[in-house]
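Presented below are the structures under discussion, each in the form of structure tokens.
Common to both upcoming complexes is chain A, partnered first by chain B, then by chain C.
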Partner chain A sequence: MADNVKPRVRVPKTAKAGEVITIKTLISHQMESGQRKDQDGNVIPRSIINHFSVSFNGTPVLDVKMEPAISTNPYFEFEVAVPESGEFLFTWKDDDGSVYEDRQSIEIS
Partner chain B sequence: MILDRRDVLAAGAASAVAGILPWAARAQEAEAAKAVDDLIAEFTGGAEVTEGDGITLDAPEIAENGNTVPISVEAEGASEILVLAPGNPVPPVATFTFGELVGKHMASTRIRLAKTQDITAIAKLADGKFVRTARNVKVTIGGCGG
Partner chain C sequence: MSSIRMKTCAMTAAVAALFLSVPSHAETEPETTDPIVINGGELELPTVAPAPAHLEGVFDQIYSGWLFRDAATQAMQMDDFENPGMIFVDQGIDDWNTVEGKAGKSCASCHEDIESMKGVRAAMPKVNEAGDLWSMEDYINDCRTSRMQAEALEWDSDRMKNLTAAISVQSRGMPMDVAIDGLAEPYWEQGREMYYTRYGQLELACANCHEGHYGDWIRADHLSQGMTNGFPVYRLKQAALVSQHNRFRGCIRDTRGETFDMGSDEFRALELYVASRGNGLPVEGVSVRH
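Up next, the complex of A and B:
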């Protein structure tokens, strides 16, 4: 079930060269753990986002292997030292094979 | 009252079951601990893991709702950090791999905890050594359904 999956990413528009910025990401996803049962007692199959990665101009920044213990609507916050103007690429991979992407550019002032 | 053979057998069976139950629970706990040790060994490749210095794991002391517990890990210069929740049905939580552009080797996220437990974080530092730390979180309402 990958309905209404919507990534939300907050990246500052500008930064000084080498400045450390904080990036916050959130993606709406129910992250079904595979532990819950429905009303008839049947286990609801696992359906989660299992991988999240961030790169900047093609250079890897952060890579997270995610397990069912990550909460609904996975949220991540981390820090990046920005060397130059460019574009961040955020990628989430779903158990069902879907890939969700978001791009954000940043200017060095 | 005279005990006949049937009563004696029933009483015997009952006490045997009573004796086995706590033992089974302990065995289950031991098994979970072993699974966690295996996960750590898999992450470190069998290298020695020291306690404490160089890694910080932040989590609330008491989590009212086990469905979303905010945590934050930081380890200066770490290339990888593994987070485990040994009390969960599935102990691994996440593995963070840091690239060269990260400002500070930290990450925050929100996790699920099934019950009160010591969450554990293990970091691979820049010099290839491994450090671990643990933090007890009391959970009022478990977060794994069931």
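Up next, the complex of A and C:
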């Protein structure tokens, strides 16, 4: 079970129609690869975020399958053109079945 | 043949003379002393300050460790979103508001908003009412055990570091100003003694690297002046927050010496002395280092 998982997202509050904005996301997670051993030589079980997706008003924006080599506290930065006012939904899926979500709305001026 | 040998001898002599003329202090000044601009101008943290009076003859100016890091690392600290240490600040603030212990209190029950901690970091460590030198960790654990009736946190535990980070960031930008006179003086003297004492098989004192060779290479990195205004530090190497005592422990370990314990009286004294060397530099909250 992953402890202290906390998503953080930065989306501009406003944009012009069709403007390309930069979105930054970060989630605190230990991303245990499953390759390491503890002091007694036992394998530390894999525990990672295995999937990250973003949608805007229900339309898929980004869909990422994540692998064990991704380092701790995964950070994604990407650009997206925003056609209208609406809401971004960010979803992270954990190996342990947990789903973490964050929503951010943006106004088109 | 003989003329070549003559030449070689002359060159050897010249090289030897060159080495002899190198002063024992070989520090390298930073190329620039730009301030740390946080979040595109929300806050500017100076990276240089006049040395405090007790360092007269040692340093003219004191520098933030930020100046000695590479551009990408510097940039991470300039944006609170990209600064990975801020995750732990958020977790620390959550902890601040979480009720725990038999008294049914959280930190916020007495201290209210964590903003009330503004200024605390700039004066730490300091002598408490009983005359003992306490670090921020001691104050936190005292509150936890006496007021909250909860268990003390381990010095280097994640929760403790999260709390010290969340409290430190409230003072970001305020100049470090630890008291070194009065009741603090004997502790400060003890810390100074330690700073100049050579430890370990490599026989290195703090001063050998951080006073005599700041700016020079150590392995693949640059030495800083060893200022502590940026602690707790998010260290990329460990991908985690690092406390001051942990850093002291690491340095003494690297001299191949037996180190003191985190939370020991020795490290509190050293913490005070090292903090006083940085009096005047701003608290950097959670800084990012290699």
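As a working rule, the second predicted complex is superposed on the first by the 109 of 109 C-alpha atoms of A that agree within 3 Å, B and C clash if a C-alpha of one lies under 4 Å from a C-alpha of the other, contacts with A are read in each partner's own complex, and residues count from 1 in each chain.
Quick note on the criterion: a contact is a pair of C-beta atoms (placed from the backbone, for glycine too) under 8 Å apart; a residue touches a chain by one contact, two chains touch by 3 or more.
Keep in mind that this is a model prediction, so the values were computed, not measured.
Participant: Here chain A is shared; do chain B and chain C fit on it together or clash?
Facilitator: They fit side by side.
Participant: Answer with first, second, both or neither: which of chain B and chain C does A:Ser71 touch in the superposed model?
Facilitator: In the superposed model, A:Ser71 contacts both chain B and chain C.
Participant: Which holds for A:Ser28: it touches chain B only (first), chain C only (second), both, or neither?
Facilitator: In the superposition, A:Ser28 touches chain C alone.
Participant: Considering only touches as defined above, state whether A:Val20 meets chain B (first), chain C (second), both or neither.
Facilitator: first
Participant: Between chain B (first) and chain C (second), which does A:Asn4 come into contact with in this model arrangement: first, second, both, or neither?
Facilitator: second
Participant: I want to verify the contact counts: of chain B and chain C, which reaches more residues of chain A?
Facilitator: The partner with more contacted residues on chain A is B.
Participant: Touch test for A:Asp40: chain B only (first), chain C only (second), both, or neither?
Facilitator: It touches nothing on chain B or chain C.
Participant: Chain B to chain C: minimum CA distance in the overlay, Å?
Facilitator: Least C-alpha distance after superposition: 6 Å.
Participant: On chain A, which stretch or stretches are contacted by chain B in one complex as well as by chain C in the other?
Facilitator: On chain A, the residues that contact chain B in one structure and chain C in the other are 71-72, 75.
Participant: What part of chain B is in contact with chain A in the complex they form?
Facilitator: 67-69, 72, 85, 88-90, 92-104, 106-113, 143-146
Participant: What residues on chain A touch chain B, complex-wise?
Facilitator: Within the complex, chain A contacts chain B at residues 20-21, 33-37, 55-56, 59-72, 74-83.
Participant: Please output the residues of chain A touching chain C within their complex, sorted ascending.
Facilitator: 4, 6, 8, 10, 24, 26, 28, 71-73, 75
Participant: In the complex, go through chain C and note every residue touching chain A.
Facilitator: Residues in contact with chain A: 81-82, 84, 86-88, 90-91, 158, 239.
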